[in-house]
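Okay, so subunit A shows up in both of these, paired with subunit B first and subunit C after.
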Partner chain A sequence: MATTPPTSGSATPSARPGNGLLVLLAAMTPEQLKRVFANLTASFAAEDLIIASPDAISELIPADAYSSLRIVSAPANNPAWTLTAADFLNAYQLAEKNEARAILMLSSESGSLGSPALRELANAVLATTDLAVPCYDLPPHAGLVNSAILYPLTRSLFASRVRFPLAVDLGLSLRMAKCLADAARNFTTINQGDVPLWPVNEATVAGFTIEQFDVGTCVQPAGPDLNTILPLVTGPLFSDIKAKAAFWQRFRSLPPADNSMPLSLAPSTDAVADIAPMLSAFRLAYTNLHEIWSLVLPPNSLLGLKRLSTTDAAAFHMPESLWARIVYDFLLAYRFRTINRGHLLGALIPLYLAWVAGHINITASGTAPERHIEAVAEAFEADKAYIVSRWRWPDRFNP
Partner chain B sequence: MQNNLAAMLQTSVNQTSRPVPADNASIWHHMADALQQSFDRILSLLIAILPGILAFLVSLAVFGLIGIALSSLLRRGLTAAKLDEHLAHGRGNSDWVPSTSPTALIARLSFWACILLGLIIGVSAFDASYATATTLPSLLLPYLTRVAEAAVLLIVGTVIARFLARSVLIGAVNEQLQYARFLSLGVKWLVLVLAATMALDHLQLGGHVVELAFGILFGGIVLTLALAVGLGSRDLVSRSLERHTEHSGEHSATPSAAPTTGSDDFIRHF
Partner chain C sequence: MKKSASATDPLWYKDAILYELHVRAFADSNSDGIGDFPGLLARLDYLQDLGVTCIWLLPFFPSPLRDDGYDIANYVDVNPSYGTLDDFKMFLDAAHRRNMQVLIELVINHTSDQHPWFKAARLAPPGSPAREMYVWSNTNQRYRDANIIFTDTEKSNWTWDDTAKAYYWHRFFSHQPDLNFDNPMVMEEVLKAMRFWLDMGVDALRMDAIPYLVERDGTSCENLPETHLVVKKIRAAIDAEYANRLILAEANEAPADVRPYFGNGDECHMAFNFPLMPRIYMALRQEDSRPITDIMAQMPAIPDNCQWGLFLRNHDELTLSLVSEDERDYMHFAYSNDPRMRVNGGIRRRLAPLVDNNRRRIELLNSLLLSFPGTPILYYGDEIGMGDNIYLGDRNSVRTPMQWNSDRNAGFSKCDPARLYLPIIMDPIYGYQTINVEAQLGDQSSLLHWTRNMIALRKLFQVFGRGTFSVLNPANRKILAYLRDLDRGDGSHETVLCVANLSRFAQPVALDLADHNGAEPVEMLGYVPFPTITEAPYVLTLAPYAFLWLELQPPRLKPAS
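And now, the complex of A and B:
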């Protein structure tokens, strides 16, 4: 269990009044529902639980599987691959309506989480923690957008060691849920309820306590393809970073690393993925998108990309410092609207694929994937001065 | 009187019947007269236009000043009302949200609206004060308006062409199409040709020739693109069909990078 201490003074809720735990489920198949119900009833007393589901449970599973549970219906949302603004708003409204003490939000694949994991997440938010985040034990080549962009950016800018900032299963205290619902309202009022929110960033800015729990291996919900998912994730993240600029520009020290997390530092023994398609995508982009990249990236980064475009597949590796600089420059271009934001995020995809190819090469050479991801995050931290400086004085000379 | 008339007639008959060696002084005199008359005519025309120009400038200056005052007033009022902070919560992630603050945007818009109003009133004043019998201004002014509209059409067309060309280029590169640049250029020229034709049509230049040329050019570009895409993506389509046949009936939950080969099942980006 890892604790991120509050970054500013905040009241610590010692006793939380209310009915119990509200468990908000995503839309699920009957099998998934049965597994989740079995895990929940194994972990909690039925009278302490309020289950909210968008599915008509009585039509999906036999009554004996849930007879002791209190079931309420949740509004049906568009099926999404992550938790969205509308989900957080619904969660808070349901918790208020049912006078719940805390909320557990579970994804469609949460049946793969063991009951101890659910218990830890729920107990934390029922006690004093505001945000309980799972730390999944994923295969070496899974969650790569998270490893390449979300985790390093959140760690360097918000001084948080939460390994999965966009986790699909969460535990929320009532005040954390209210904070997220307030943030969600900004989107739902303009019909953007499907935008993902950033609970870790919100909690850090509000000075709430965050805890991370080892939940073991987990099946990830299916998502759209990379060309869709990368702009969908990076756009809202960049937007959130832009909105919280006043917070992250101040220096904050990173909490100490927690060794109890399941992140393996052993070399990967899995088969090596074929990086040729990624390299060809990067090289094709280098010949075609150079003009667009030159609007966003400084000459030094372009030179690094030029070298990279001529490197052969076996030695291909994007330096961590170059990747950190690229992401920061794209973030700056997003802020200043150097080019259309859709174009900008589209132009990031081949660069990300180049990073993935390098990451696979490194892990194939015997380096533990987690060690490389830590090196990337450290490069982001080391280069934080650059983003702060260019954020404040964008017109300064930048070689 | 009769003698004088007879003498003048005699002189004129003599002048027409036989050439008289020209006197330098009289030529210069005639030229000076002609120049004087031209100058007088220009001056009188200028004097006739001058009130119109003055009215135009005064209108522009007055509305410019009003615009500055209004803009400054709005800026102060909206800053005091904290409009930016109120709207900042509801701006979302839309790509079309303006980059400047709403207060600055409203102030700037009000200023330019005043300038536009000044221009319209100035042109009307110019037109009203320049009430001569000549038909030139009544023909020229509408044509100038058309030229301005055609210029706007061209500018908008160029902006759209650049936007679409970039969209197609990035989309095609991410789909790993080898002819991405060619496709992007094709789209760009399609839109540019369309915009140029619309501008020429608006100016009523070229008549049927423009329409014909547009049809040929547009059709040619579309045909070229269709052939290029059709021939170039043969492999892509066959690969896609093969994959579809292989995986028919299976539900793939793996998000893929792009049309990749072996890495699809192994790598999960999210």
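And now, the complex of A and C:
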């Protein structure tokens, strides 16, 4: 547990007047459903729960697996690897309809979350927290788009230490859910309900409380490939940052590091991944995409990339400060539509691969992955003045 | 069917960036030499990219166009030269989709003499409701204390009508008879016209010539209590039937006389700040902040839901009716040495020529426009430094076609150049081949990019639209320094220190900022931390015509760097 005292393993939230917790499930297989129901019934008094599922549960699992639970039907959702605007709107509408006090949104793989983790997320939002976010313990080379872009950007701009800003399992207070539903309507009204929302950003702007909980090792829903996923998450994040510019450009101090968050600081013991394909993608792009990068990046960054393009694989490492500037400059180019946004985000992919190759090299040399990710996040923070000044005065004539 | 408001915040106008344009002058889609709504629609992306949040359209109604559309012949239609009602609706919806509001003109002091109401009034028997839509008299000696506004063309406010066998009252041109607000039918018709546009979704109305609505003997026929009753009735009708709409008052009056148009927050939401505008130019030319600080000291407090409308230039002459005779003479010597630059006692020039096309002076004036208390209003073309043509009559000098590119007719129209409603500016300094949008979009250092960046910056800081204003009085009067402060309501403040050098030479200044001891100023354009403020005078040096915007950050929120 991260920022609140752990609850007793045997304790269950006491029954409260009215309905308690709405648990909104993603679409699941029968096995996944059974695991989740087992965890839920072990964690909560049945009368406190309302389970909302898009699945026809009675057709998927035996009745005795859920007989004590109150099940309501939820609108069908995409088998998504992330939570979308439509999901948040559905969650709020269901909570309102069923007079729930708080919401727990669970992904298809949430069966791998233990009962204590579920209780912590739920108890927090049933008490005073607005947004309860899990901190997953993922394999060293998993979730790197998050580690390289989403986490450091969110941390530097919104002064939040939430390690997984796009977590697929969340606890929401009712007012947090309303806030997200309001944001979601901007997308659902124009038939863009599948756009990811950024709960941490919304909560920060609204001044709501956020808590992060260690939920241990957890399986993540399978997502699409990198070429798809990177534009799909960075585009909406960049848009959200643009919309909230007046907020994040104020100085905000980062909350102190939470030392109780047991992120692994041990060196990776995984087999070293082969970085050769990543480097060859980067080097090919250095030749083919240089013209596009020149529209986006200032001379110092281009010089850094030139040096990288001739660096040996064994010594390959994208300097953290260079990576931070690259992401910031792509964010600016996205804001100003310097080139077609799809092409822009596509041009970021080989640069990201270069960062990943460097990350793998560093972790293979004995540095704990989390230490490197922390260094990256600190580089983003240290250079926040750069993005603010460029945002305010986007003159191309800069260093 | 009544459309709901496009803005969700009732005080949206406080944070707005207004852009004034004439449909006729902006973009021509059908190659007839006259701008139109489809042309404007095609240029909405440009306005959105510039950062405009509200478009103010000059009159686009059917009109004989003897006063550029302020002589309206039908309140509830679109002049066929500009398109159709459907074209207007398409434009309106497209603007709303871009989160832009639309402000149109409600010219209710007078109509055209070609309006059916006036044609009927001339024929109607004296005393009948149709006749009494206008102000008639058997003598031209009534209301003798009212001044003549268009002194260059009118000798009297009364004109004899042979058909009616009576004089009719007109505060402006003789072809613009004044409506008679003592006749209840006039108010009914005005409200009907107003509802027509508001039902369609129009967000805001500019009430033209508002001080002159009612006439009474023995008065100047300006700002009468009866006029305020008319305004209150219109506002009450809007508040009763519509949400988040706006009335903007055009009252070219002294501060004390403009103030009543806000009422107790129950008349106009906004009013132009006419008294301030000429004094900005005076301060610049005299290199002395006193004209600005003096007039600011006279500005009365206004209700919380009200706002000043700020402008440097507009479609009319730079009016000097609110300055003393000496000041008027000075302004003429300073800014219009050629008599052709003058009309009706004012100066009919655009912003860039007024300041001799000096980029730093243009930027300085715009920095004041964007940081003074109120909502800034840009006049079309000034964002690229367009010039004027003083050889055109009346105020047409500043109403020439928008210069989009260096193609034929500046990209405004594909028509034969001879068909253009007014000629394009073609001189070597301001000509369309030098000054145009396309060229400036391609030039990162252009005035257009600068203006866009400044607007974007202003929009990040709500303090500019909603904060208080207090002048600092440094010993060096060539420096204008003031603080803007916004209480965010959560115990925190957004505070900005603005310092402007009105001189053509570098100037030092020592500011007393002891009240902000400990705060760290951060230069807002470049996000550059400045030395921390102490009890000692805060010393700055400014380059010629330079300005600084410094956000005063509390000590606990220092930047990471």
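The criterion applied here is as follows: the second predicted complex is superposed on the first by the 380 of 399 C-alpha atoms of A that agree within 3 Å, B and C clash if a C-alpha of one lies under 4 Å from a C-alpha of the other, contacts with A are read in each partner's own complex, and residues count from 1 in each chain.
Heads up, the rule we're going with is that a residue touches a chain if its C-beta (ideal position, glycine included) is under 8 Å from a C-beta of that chain, and two chains touch if they have at least 3 such contacts.
On a predicted model such as this, the values are computed, not experimentally measured, just so you know.
Visitor: Assess the superposed three-chain arrangement around subunit A: do subunit B and subunit C clash, or do they fit?
Guide: clash
Visitor: Answer with first, second, both or neither: which of subunit B and subunit C does A:Met278 touch in the superposed model?
Guide: first
Visitor: Of the partners subunit B and subunit C, which touch A:Ile339 in the superposed model: first, second, both, neither?
Guide: First partner only.
Visitor: In the three-chain superposition, say which chain, subunit B or subunit C, touches more residues of subunit A.
Guide: Looking at subunit A, the partner in contact with more of its residues is B.
Visitor: Please work out whether A:Val195 is in contact with subunit B alone, subunit C alone, both, or neither, and reply first, second, both or neither.
Guide: In the superposition, A:Val195 touches subunit B alone.
Visitor: Could you tell me if A:Ala347 is touching subunit B, subunit C, both of them or neither one (first, second, both, neither)?
Guide: So A:Ala347 only meets subunit B here.
Visitor: Considering only the touch criterion stated at the top, classify A:Asn227 as touching first (subunit B), second (subunit C), both, or neither.
Guide: first
Visitor: For A:Ala245, is the partner it touches subunit B (first), subunit C (second), both, or none of the two (neither)?
Guide: In the superposition, A:Ala245 touches subunit C alone.
Visitor: I'd like to know which partner A:Thr367 touches here: subunit B for first, subunit C for second, both or neither.
Guide: Neither partner.
Visitor: For A:Thr311, using the defined touch cut-off, is the partner it touches subunit B, subunit C, both, or neither? Pick first, second, both or neither.
Guide: After superposing on A, A:Thr311 lies clear of both subunit B and subunit C.
Visitor: Quick one: from 116-124, 134-142 or 260-268, give me the piece of subunit B that collides with subunit C in the overlay.
Guide: Given the superposition on chain A, subunit B and subunit C clash at 116-124.
Visitor: Which residues of subunit A touch subunit B in the complex?
Guide: It comes out as residues 81, 138-139, 141-146, 185-187, 189-190, 192, 195, 220, 222-227, 229-230, 233, 235-236, 239, 243, 270-271, 273-278, 280-281, 284-285, 287-289, 292, 336-337, 339-343, 346-347, 349-350, 353, 356, 360.
Visitor: Contact residues on subunit C for subunit A in the complex?
Guide: 444-445, 453, 456-457, 459-462, 490, 522, 524-528, 553, 556-561
Visitor: Considering the complex alone, what residue numbers of subunit A touch subunit C?
Guide: Those residues of subunit A that touch subunit C are 207, 245-246, 249-253, 381-382, 384-385, 388-389, 392-397.
Visitor: Using the touch rule from the top, collect the residues of subunit B that touch subunit A in their complex.
Guide: Residue list for subunit B touching subunit A: 88-95, 99, 163, 166-167, 169-171, 173-176, 178, 180-181, 253-263, 266-270.
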